[in-house]
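Next up, some structures in structure tokens.
Same chain, two partners: subunit A is paired with subunit B first, then with subunit C.
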Partner chain A sequence: MNKKYLRDDIIRMSGVNPKKCMRCGKCSGTCPAYDEMEYHPHQFVSMVENGDIEPLLSSDSLYRCLTCFACAERCPRGVEPAKLIEAVRLTAIRRQGANRLTPSDIPAMLDEDIPQQALVSAFRKYTK
Partner chain B sequence: MKFSYFPGCTLKNKAKDLDRYALRCAEALGVTLEEIENWQCCGGVFTTAKDEIATKLSSVRILKAAKDKEQPLVTVCSACHNVVKQTNHAILTDKEFSDKVNRYMADDGRYDGSTEVYHYLEMLRDLVGFDALREKVKSPLSGKKIAAYYGCLLLRPGSVMKMDDPENPSIMEDMIRAIGAEPVIFANRNECCGGYVVMESPSLAEKKSGDIVRNAKVQGADMIVTACPLCRYNLMKNGADIPVIYFTELLAEALGVKEDTNE
Partner chain C sequence: MQRIGVFVCWCGSNIAGTVDVAAVADALKNEPGVVFSTDYQYMCSQAGQDLIVSSVKEYSLTGLVICSCSPRMHEVTFRKTAAAAGLNPYMVEIANIREQCSWVHKEMPIGTEKAIILGKAAVAKVNLNAPLTPGESPVTKRALVIGGGIAGIQTALDIADAGFPVDIVEKKPTIGGKMAQLDKTFPTLDCAACILTPKMVDVAQHENVRIFSYSEVTDVKGFIGNFDVTIKKNARYVNEDICTGCGDCVTKCPQKKVPNEFNLGMDNRSAIYIPFAQAVPKVATIDPAHCTMLKTGKCGVCSKVCKAKAIDYTQKDEYITEKYGAIVVATGFDPISMDKFDEFAYSQSPDVITSLEFERLTNAAGPTAGKLLRPSDGEHPQKIVFVQCVGSRCDSCSEKGKEYCSKICCMYTAKHAMLTRDKYPDTEVYVFYIDVRTPGKNFDEFYRRAVEEYGVHYIKGMVGKVTPEGKKLMVRASDLLDGKQLNIDADLVVLAAAIEPDKSARSLATMLTASMDTNDFFTEAHPKLRPVESPTAGVFLSGTCQGPKDIPETVSQAGAAAAKVIGLLAKDKLKGNPCVASSDELMCNGCSSCEKVCPYGAITYEDKEFRMPDRTTRIRRVASVNPAVCQGCGCCTVACPSGAMDLRGFMNEQIMAEVDAICK
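Moving on, here comes the complex of A and B:
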């Protein structure tokens, strides 16, 4: 897909303006998934701004974000990186055959206490 | 007082205690919670993308059902509350989204975002009142040191959820005081437990939830309370050797309506 189109589409979908970012890194500093991410929240912001999206689309970092909104709440510039990560993740899983989780994966993940909430949330985040 | 009530999928399955005690306590406090008919699951997490419409319709229909009865809507699960409240906010603030959603609602009539949404804790604080609650307590939980674990969904985004100060909340501690126990404040009471990422990466949940339990214990907690089934699951699976229970169960104990059941 055309690089500029992809960038503009993600910005439109997320409602985020990455140009507001002042590169302070607070979002990444507060992110509970930081250690498990290859690209961190502040990198998502600058990479989307630069149209450097393909590496993000194939990164497992997309599936480590907890949607906890810590980065959005604490960003001093109101950038809300979580919304940008969500838009990139949706762009990835909306591609044909790109579902991260399928129903056949589920039985192996179950134990007798796991709440339904975990399954429906994972499906919403990982599957289209 | 009469309100519409949305329990959500998990409260009918793995988190029956959250639902059951919420209803019993409401009755003891003179509140009637009328369950919305034919509700569907909220989906567990709010999708922030502006072009996601279908995934938000179940919440819109829940909100509309409460509006049709001219009742405020009460939720109790943190996740349901977050999804329903964020959806309502999107309808109120994003005209394009609201128009698109309402195209699906044609047969039922438009929904305009006017339903008031209260989490059960907000209902206690703002509608019942913690003073009135204190007067209804039958067996005060004196001497118990209880850590309130908020997690992320109840509080954030703060500008939308508007429940409490997202960085220094007090609503659950105030409830704990009202029922005679002592609240324990600890460092990561408003940080994420690992959430649904436990499905992908149990090690992440282990780290986050383990830290939460450790910090609560270091501050002297005998018990942790939460409003979220997934938080409870993650804390219990990852090192909680003190009880982790729903706030509604604690409330039921104090109000003297916690009978033993077999479920």
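Moving on, here comes the complex of A and C:
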């Protein structure tokens, strides 16, 4: 897949226009998972815009995003970085054999405090 | 039959680059009525205009078609040229082959084809043009300034100094506006009150100025040179003429728990109040929403203590009507509400304040007598975070903020940060910025001084969240240059709120039929060449009602607006626009459609006696247009079902001839 196609595909999937970003950094200023991430929300926006997507696809940051949508809610320009991160994550797990979670992983992770709904969402987010 | 001359302008390469001007001149040569056709490099130059004048003489031309730029640019120029050549100025038509042709098309054949078509339409119209003569109307030599802030004060002073009477209408009990609330002014740091209050006194004492404070404009009728304005003087329950402003009533008033709007609700005032010590006019005003006497009839303390006997609980709102030749809008701005910005905890903590509130907190006449103290516990804050661009530069679909840059925040935040560090060197000051915008004389130097001399921490990034935790405010923000997320335990957070036009501006614009943009800023007649005039003749703009501005810019614009007003009032008579509507009484069926759509109230109906073919007389109701009020918009000609309404200079048959020429 060439770089431009990948970029356009992610932009189309997410419905986000990264050109609207004014580089204020409010998304990263508000992100509760900031310290866990190698690439931060504002970097997702500028890297996608520049077509620099491979490093994002192979980064663990994709799975550190909590999808809490604080960045999307507070972005003054309506860019919604969370949707962009979601699109990159989908692009990553849709590759062959790239599922992040398989049913056989579940028994080891079971914990009384984890609600059923969290598991369902985890499958939706991490599995194609 | 007309004898028409066609003049095709190159506009250097502006037109000639995309339109084959020689081909256009050649093609129009054979149009009906055309006896001469040529092209020239710059038609608007002296040489170009001379060419027009000599051609009129040589070919005995009766009408002119100029293929050039937009009529908004040079129609007036070429009408003057026609007059100089002895023609009626309204025998000129402009074919806009620049904005509508060469600037929007890239290929020469397409541009040329369209230019020829537009030229043909103009020729077809000139064939039906008739000479028009504008009427004259007198000018009332008095100006009205709406808004008594620094913009309104400066405009009024400049007009008054030129010898014309001016009235200022201010809705608050005192003039002074937002500038009266400021502490110091950037970039020189002189005290706002020290430079403003002498001007307030000047304007109040000027023999040519009357101030209607605590008043509003409620109705505007008429047109340039002849406005009839109704002003509502709200009852202040104090006789302005005899109140001495001693303040005894204010001290003795038992109702002292009214939020003080001058200090943005950070302290309280009494129900009878004088907004601040230097108020002009310095007279007391009773707030009817909080006065016990007015609400229950039981109190009357102020009346008892007033030595001048100025209190009058029976006072009523008063309406006065006055005539004006010109109106200046100077309605100013307000900071936007912070209610929707939950992430900054403005409504959760009293220690999150706006920059205007910060001004009051540092002002010697403010609620803390100039000591910077936290509103929650009155302690001195050690760590202060300033957040810029709160509500400015938002997406156009944003429900919270504004799309534009508010322009003044970078500089006042630098000022606040610098003054804080100067007065309290033990304080840590952080400024979060997206960009620092300092295009102004001595502005960038000022900002650099805040950083280099005063040690203000400027951080490129935005605050994402403010959480009150005990006595602290936890500020989570990004530092984009260092690639870090910061967590600062601040004592005070100051939000540089976006500014928006005053809420009263929209209804005023409707009264004045002056246009506004989507943000409710008044639109100027031309953004570059007519920046202080509204497109509505006789209405001028001063200050932030037209767009965000700092004080020096506001004062310059105020002076410019005054110069335009003086130019207008200096005339004894005004030439009107002859392109006005007129009704054919024989065709009018009296349906009132035109009267309903007319935005200027120029159409009235009257009963007229008509002689019928059978020699009887009949009274019929017919429309009549006041040509002095009509602005020639043409709404009525479209609304008229019987075709009785027509617009001079744009007659229905002229428009149809143009359409025919284009569609041929």
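Keep in mind that, in the parts below, the second predicted complex is superposed on the first by the 127 of 128 C-alpha atoms of A that agree within 3 Å, B and C clash if a C-alpha of one lies under 4 Å from a C-alpha of the other, contacts with A are read in each partner's own complex, and residues count from 1 in each chain.
Criterion: a residue touches a chain if its C-beta (ideal position, glycine included) is under 8 Å from a C-beta of that chain, and two chains touch if they have at least 3 such contacts.
Because the structure is a prediction, the values reported are computed rather than measured.
Of the two partners, subunit B and subunit C, it is B that touches more residues of subunit A. Touch criterion not met for A:S59: it reaches neither subunit B nor subunit C.
Once the two complexes are laid over each other on the shared chain, residue contacts for A:A70 go to subunit B and to subunit C alike.
Within the superposed three-chain model, A:I114 lies in touch with subunit B and out of touch with subunit C [touch as defined at top]. In the superposition on chain A, contact of A:K20 is made with subunit C only, not with subunit B. In the superposition on chain A, contact is made by A:Y34 with subunit C only, not with subunit B. In the superposition on the C-alpha atoms of chain A, the part of subunit A touched by subunit B in one complex and by subunit C in the other spans residues 35, 70. Within the complex formed with subunit A, the subunit C residues making contact are 343, 389, 393-395, 397-398, 400-401, 432, 434, 460-465, 476-478, 480, 483, 485. Taken in their complex, subunit A has these residues touching subunit B: 12-15, 32-33, 35-36, 63-70, 72-73, 80, 82-83, 86-87, 90, 100-101, 109, 113-122, 124-126. Interface residues of subunit A, counted against subunit C in their complex, comprise 20, 22-31, 34-35, 40, 42, 70-71, 74-79. Those residues of subunit B that touch subunit A in the shared complex are 8-10, 13-15, 41, 43-52, 55, 77, 79, 152, 156-158, 166-167, 191-192, 194-201, 203-204, 207-208, 228-230, 232-233, 236-237.
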